[in-house]
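What follows is a group of structures, each given as structure tokens.
Same chain, two partners: subunit A is paired with subunit B first, then with subunit C.
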Partner chain A sequence: MTQQTPKELKRELLKERVILATAAPVLALAVAVALTSVILLATGKNPFEPYSLMVNYVAEWPDVQVLVINQTVTYYFAALAVAIGFRMNLFNIGVEGQYRLGACIGGIVGFNLPAPGVLKMIAVIVTAMVVGALWAGIAALLKVTRGVSEVIATIMLNAIAAAIIGYLIQRDVFGHQPEGSNAINTGELPESAWFPGIPYGDYEIYGFLVIAVLCGVGYWVMLNRTRFGFDLRAAGASESAALASGVSGRKMVVIAMLASGALAGLIGMPVLLGESHTFMSDFPAGYGFTGIAIALLGRNHPLGMAFGALLWAFLDKASTTLDDNGYESEISVIMQGIIVLAVVIAYESVQRWGLKRQQQKVGAELAAAAKKNEEVAL
Partner chain B sequence: MRRVTKIVVSGVATTALAFAATACGNDSGDKSSSSSNSNGKGIGLAYDVGGRGDQSFNDAAAAGFDKAKKEFDIGGTEKEPKDGESDADKVQRLTEMARQGYNPVIGVGFAYAKSIDEVAKKFPKTSFAVVDDSSLQTKNVANLVFTEEQGSYLMGVVAAKTTKTDTVGFIGGVDTPLIKKFEAGFKQGVADTNSDVTVLTEYITQMPDFKGFADPAGGKRIASGMLSKKADVIYPAAGGSGGGAFEAIKTKGDAWGLGVDSDQYKIPALSGVKEVILTSMLKNVEGSVYDFVKSVQDGKPQSGIVSADLAQDGVGYSKSNPEFVKMTETIAAVDEAKKKIADGEIKVATQPKK
Partner chain C sequence: MRPVRVLNGTASPAPPPHPHHHLLRHLLSSAPRECAITASTETAAVELRGITKRFPGVVANHDIDITVRRSSVHALVGENGAGKSTLMKILYGMQKPDEGTITIDGEQVSFSSPGDAIARGIGMVHQHFMLADNLTVLENVVLGGEKLYGIGSRARKKILEISKAYGLGVNPDALVEHLGVADRQRVEILKVLYRGARTLILDEPTAVLVPQEVDALFTNLRELKAEGLAVIFISHKLGEVLSVADDITVIRRGTTVGTAIPSETTPRALAELMVGSELPVPETTESTVTDRVVLDVKGLTLGAEGRKPLLDHLTFAIRAGEVLGIAGVEGNGQTELIETLIGMKHADSGTITLDGEDVTAWPTRKRREQGVGYIPEDRHRHGLLLEAPLWENRILGHVTEAPNSKGFWLDPKGAKADTERIVEEYDVRTPGIEVTAASLSGGNQQKLIVGREMSHTPRFLIAAHPTRGVDVGAQAQIWDAIRQARHEGLAVLLISADLDELIGLSDTLRVIFDGRLVADADPATITPQELGSAMTGAASGHLEHPEDSPPGNIADQNSAQTGGEDR
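Let's turn to the complex of A and B:
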């Protein structure tokens, strides 16, 4: 064995860590594809055709490409919101209620605020983030003052948020019913208040794509390059250890929860400001839960989650073509389910294997060094 | 490590739940293949939440779809929405059908209004229709609407004529503008017939919770409450939840229920409680869907607002229950009201009075 300096050893360990980090999701994806193929085979269908059908479908139609990208943007915000909580060892299931309530009240404020368009738009975004943060803040407060598990509190708050939204969009409260329509919304925003999109052929990508990228970069910088990020990760890893070094766990719980809720507030914005221009009775739901899956898949890493969100959006949107080709579009739901399970198992096993390898390596190095010292002493 | 495992396990559990929930409403599928036809691939039908098999609204559209397919010997495809999807998903579904050559393309339910409008503009040669919405002005779009308030007025007449306690009940599935039309018509029918009768009103859920259309337990609970307040005729405009209300009425006895949308006396799934279903308010979604397809086949596609009202039998009432047929005086009163509405002598409000 060649002798290594501690610096080289450290670099090699880092390199290994990167490989291990990418190995897990790739492994999970491979397992998911393999298992899905087995299921297809078991039902007497071609085990590989669906994948090529989906890829070709997206490659062929620019409107579907836009659909995938737009859905990725929305999912990415959801994943980021969940991930901030995860980093502080908090499980924010309430992202769902936070973004819906934020979008609803944001839409109401934006419509009723007597201001020029751009200010309306900013008001919608700020309101949605503040409402999301406050709604998550209730759970944080309950946790630090009364020790209520944030899992329970946020689930309950989801139900309460749904009831409040139901009340707010009533016709005699803040609801509007367009002429001849049977749907209810909170009032259509004027075009000047729309968030500009990015042209893509005849279609438009959500302008929020830019905000999503900025949020991802901000998330990475905050976690890895700031004192606050260090405190957050430290407190998340061990609250007592963090407390001993002067970081208040309670404070971090509140801050992390507020940040998670504020990011959740952004989830509804691409749709509200880029597509529907109002909050309506059938505003898309369920992104909060999808965010949990993507944060798990992306391992809370900003790049990992971006890939996760893209993969999820691809499976969602491309699967519609399966119905038209003699396959069930639920194949993609099966795949998503298997990916979540596989990714957890893959992470655990890869992590354990990596740890063992590291220990062996360090052990070997130490043994070699000890032997050398012994020789010198002799 | 323990910490990670715990959080991961709960994460997986929740995600699994979320998937289970989504998967329920996700039974989409190409249920029929297209048969040969020179004129495109046939009918594209996009359902509302619930899809084929909901014993109510979607099934009525499906019946029209089946009838048209058979009669004109054309193909067709049916697609169902996913829970919580956005307009973009609806646009994709409709675009896909138009792109593959399905003509006409029909969106069942007002939720399709915006997306139909968008897609219709991109496929000017394809005919589109939306059911239950009248806000679209694009040339190749037909707005298939019904005067539910008129049909519900007739139910109000029946209720006021039949009640012995001067108390009747209205149960709405979900508090939407559409169901408010049912409420408004019913109340006006009761008030015009006998102003001494009180109408108890309750909705099962509020938007955006649409569970109220598929919640028999909720229907039963509310009906029981109304029965204990001496109501003896109840009109549940609540889709699949109505069955629960009829059960409560049957248990109590000496009370009547009024059906909605289709002739619920004849629906197999409700055969256990059919004797309490005195009559039903009929909403001819089947006929409207069929007529629209026919107009496309004839080369003269309907467009604009196509309102099926009482005068054209777009709405009406059923006479399947023999007990009801015996009530000749009530039937005479209903027919008189029907005539007056058709002649324009009675104007039925679409929003309930405060």
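Let's turn to the complex of A and C:
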């Protein structure tokens, strides 16, 4: 047997970590593709053509590419918001309500604030984040004072948020009805308050792409390079060990929920400030739930979630071509569903396997070293 | 007599005249290792011959030879990592041996799953119980074995029959969540008997039990034995092994190094066989106690709603260079005392003073920053992040201190360098600091914790069961570390279930019973037996050797104990 130097071992451990981290999502994706093909086959369709159709569709049309990227940006915020809760063992299902309420009130404040454009824009963002944080804070408060599970509280708060939004955008409250339309919105922001986009050929990508990247980097730095991040991870990994080392679990719950809610507030911003310029009755919904799936898929890792968001956006936007080619676009929804299920199973098994493998490896290393020492002693 | 079996492949010229008497001496000398297995006319319940199991790059077991007689308790002892668990996994069909044979009741078998082993009458009681809390005992027992006796009255009858036959005293309708640890263990035993086990493997069954419960378990084991069952008992508590086992097999570095009969050996001789070297003793040589009081606790009281206090006016002081040992049966307030001292719980009344400063209201983090070291009683729950690398575990509990952080920012580089140093200085056996804490053995995890706590030069150290579940080698190193720190003027609160450790390391001894400090003793003169009886509340005041407390007092304390058991 060859003896490894510490450096070699370190490199090998690192390599193994990367493999372990990517193995699960790749496995899940492979299973999802395989099962989807089986379903296609069962319905008498070509089991492989839809994938190439989708890829070609996106590769061919720049406007679809923009749609995919824009959708990715939005999903990324949602995933980050969910992930920060996950790291603290909190399941914030309320991201949905937090971002919608944040966007709605943000839109109202932005429209009604007597200020120049840029300030309006900043006010929209800040309001959305604060509202998101406060809305999540209610669940945090209920958890630390009354022991109410954040899962239950945030689901309920989603319903309440929907009702509040319904009230706020009524025409005699803050709602406006543009001429010739039956949709209601909170009033259109002036162009000076729009968030500038990034040109992409003849089209524009959301400028919030930059903010999303910054948030991803900030998320990583905060978790891995700050004392606070260490406390958060410790509390998420073992509440009892964190408590014994002086981390207040309650404080961490409140902070993590507030941060999660504040990030959730950003989800609606790319659309509101980059596309619709107002909060309207048909403002996109469901991102909060998609965020849960993407956070799972990306393993709460900023890069993983970026890939996850991109994949999700691709499946969303590319599936429209399936209808034009005799396939049902729901195929992509089926795939998304299978990915989520497969991912949960794959992570659990890969993680267990990895831990066991490492234990065996360490045992082997030590046994080899002990044997060598023994030989030397003799 | 069967020919003498020679272990480790070296042939011995002639068998010793009385193998057992000379066994240990032979094993300890450099002479060829040998041991004899007494021949018996009956077929053995289990015979393992030449078992070898290799994992990639490591030999977990090699040339294992064990014979377990019917109607006997056979103890398997060895340090953590000696290969006991692998061997039992092989016997239970969870792993296949690469070489060697397994013979059950005279018939050679090959198991490819635990199902095969169960069919052959082998049953395993795991260290961590596998019971569903919200089901009754009956439901737990029949779960997965519905085909045996159904799930109704036939099953109940069978359970009661088994319970009665072996004196297990199990109530089939009790909810498992209402049962204590010892009762749960009996349910686990019943579960394997229900499935027809004739050979029981018990993996460290006493690790979770208090002394009285251990006695009760041993009574059960004797019943099982009397009914013709064979029991394989894995342990590293040698005193227990000697009191319950009929035969003992010692495993070291993956192979059987000898067998012994309890009546002819001592814990010390066994331990030496286990580690293969001279054993350290936990005695501290000269007193280092000074006059300077470091920790002063006055009237510490922690209430429980509607019940009597968990901690009842505890008053004690620990001076620099002093180890104060707290003896007591688990569950008498030790955990609460530790948690109050580290700040996880806050006292209802009383004060804690550290070097003249009132710290009663300080949060945990501030206490740790200001020099309270903490070796927790449950290192997995309170001392480690199991899935995090070693260097992150070095940060745990000291995230605000150098070398782990610089102001707001973490300092992974500093933490990693210091982890390397701890690994080196405290002899933590690991291939590197990037591996997860979970992949280290218990002893090495504990050494990492001890090293971490000592690295912040504590003024006061809480050491709760510092060597629990730790192998003999690591135990000596941990004792050395505590002794060294005491020498340098550290005040130590030592809580331990190991009375030898307590007596050997402490400068002063106090006994905790029912949340009160009821007795004190001088470790220089007290014996474990005397201390043990004080722990049950049978004695109070200053324990003078060999006087006893007045009889009236005993009655009082006994009634108090009965009240306490309701908790």
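Note that in this section the second predicted complex is superposed on the first by the 369 of 378 C-alpha atoms of A that agree within 3 Å, B and C clash if a C-alpha of one lies under 4 Å from a C-alpha of the other, contacts with A are read in each partner's own complex, and residues count from 1 in each chain.
Here is the rule we go by: a contact is a pair of C-beta atoms (placed from the backbone, for glycine too) under 8 Å apart; a residue touches a chain by one contact, two chains touch by 3 or more.
These numbers were taken from a predicted model, which means no experiment stands behind them.
Taken together through their common subunit A, the two structures put subunit B and subunit C side by side without a clash.
Counted by residues of subunit A touched, the larger count belongs to B, out of subunit B and subunit C. In the superposition on chain A, A:I292 contacts subunit B only, with no contact to subunit C. Once the two complexes are laid over each other on the shared chain, residue contacts for A:P47 go to neither subunit B nor subunit C.
Looking at the shared chain after the overlay, A:G117 reaches neither subunit B nor subunit C. Of the two partner chains placed by the overlay, only subunit B lies in contact with A:G326; subunit C stays clear of it.
Contact with neither subunit B nor subunit C is seen for A:G187 once the two complexes are overlaid on the shared chain.
Once both structures are overlaid on their shared chain A, subunit B and subunit C have a minimum Cα-Cα separation of 9 Å. In the superposition on the C-alpha atoms of chain A, the part of subunit A touched by subunit B in one complex and by subunit C in the other spans residues 237. The touching residues of subunit A, when paired with subunit C in their complex, are 1, 4, 6, 9-10, 13-14, 224-231, 233-234, 237-238, 240-241, 243-248, 355, 358-370. By the touch rule above, subunit A contacts subunit B in their complex via residues 63-64, 67, 70-71, 86, 89, 91, 93, 151, 162-163, 165-167, 169-171, 177-184, 237, 271, 275-276, 281-286, 289-290, 292-293, 295-296, 317, 320-321, 323-324, 326, 328-330, 333, 336-337, 340-341, 344, 347-348.
By the touch rule above, subunit C contacts subunit A in their complex via residues 55-60, 81, 253, 342-344, 363-369, 374, 376, 381-388, 392, 395-400, 405, 408-410, 412, 429-432, 434-436, 438-440.
For subunit B in complex with subunit A, the residues that touch the partner chain are 3, 5, 7-12, 14-19, 22-23, 26-30, 77, 79, 83-88, 92-93, 95-96, 100, 110-111, 113-114, 132-136, 143, 175-178, 205-209, 305.
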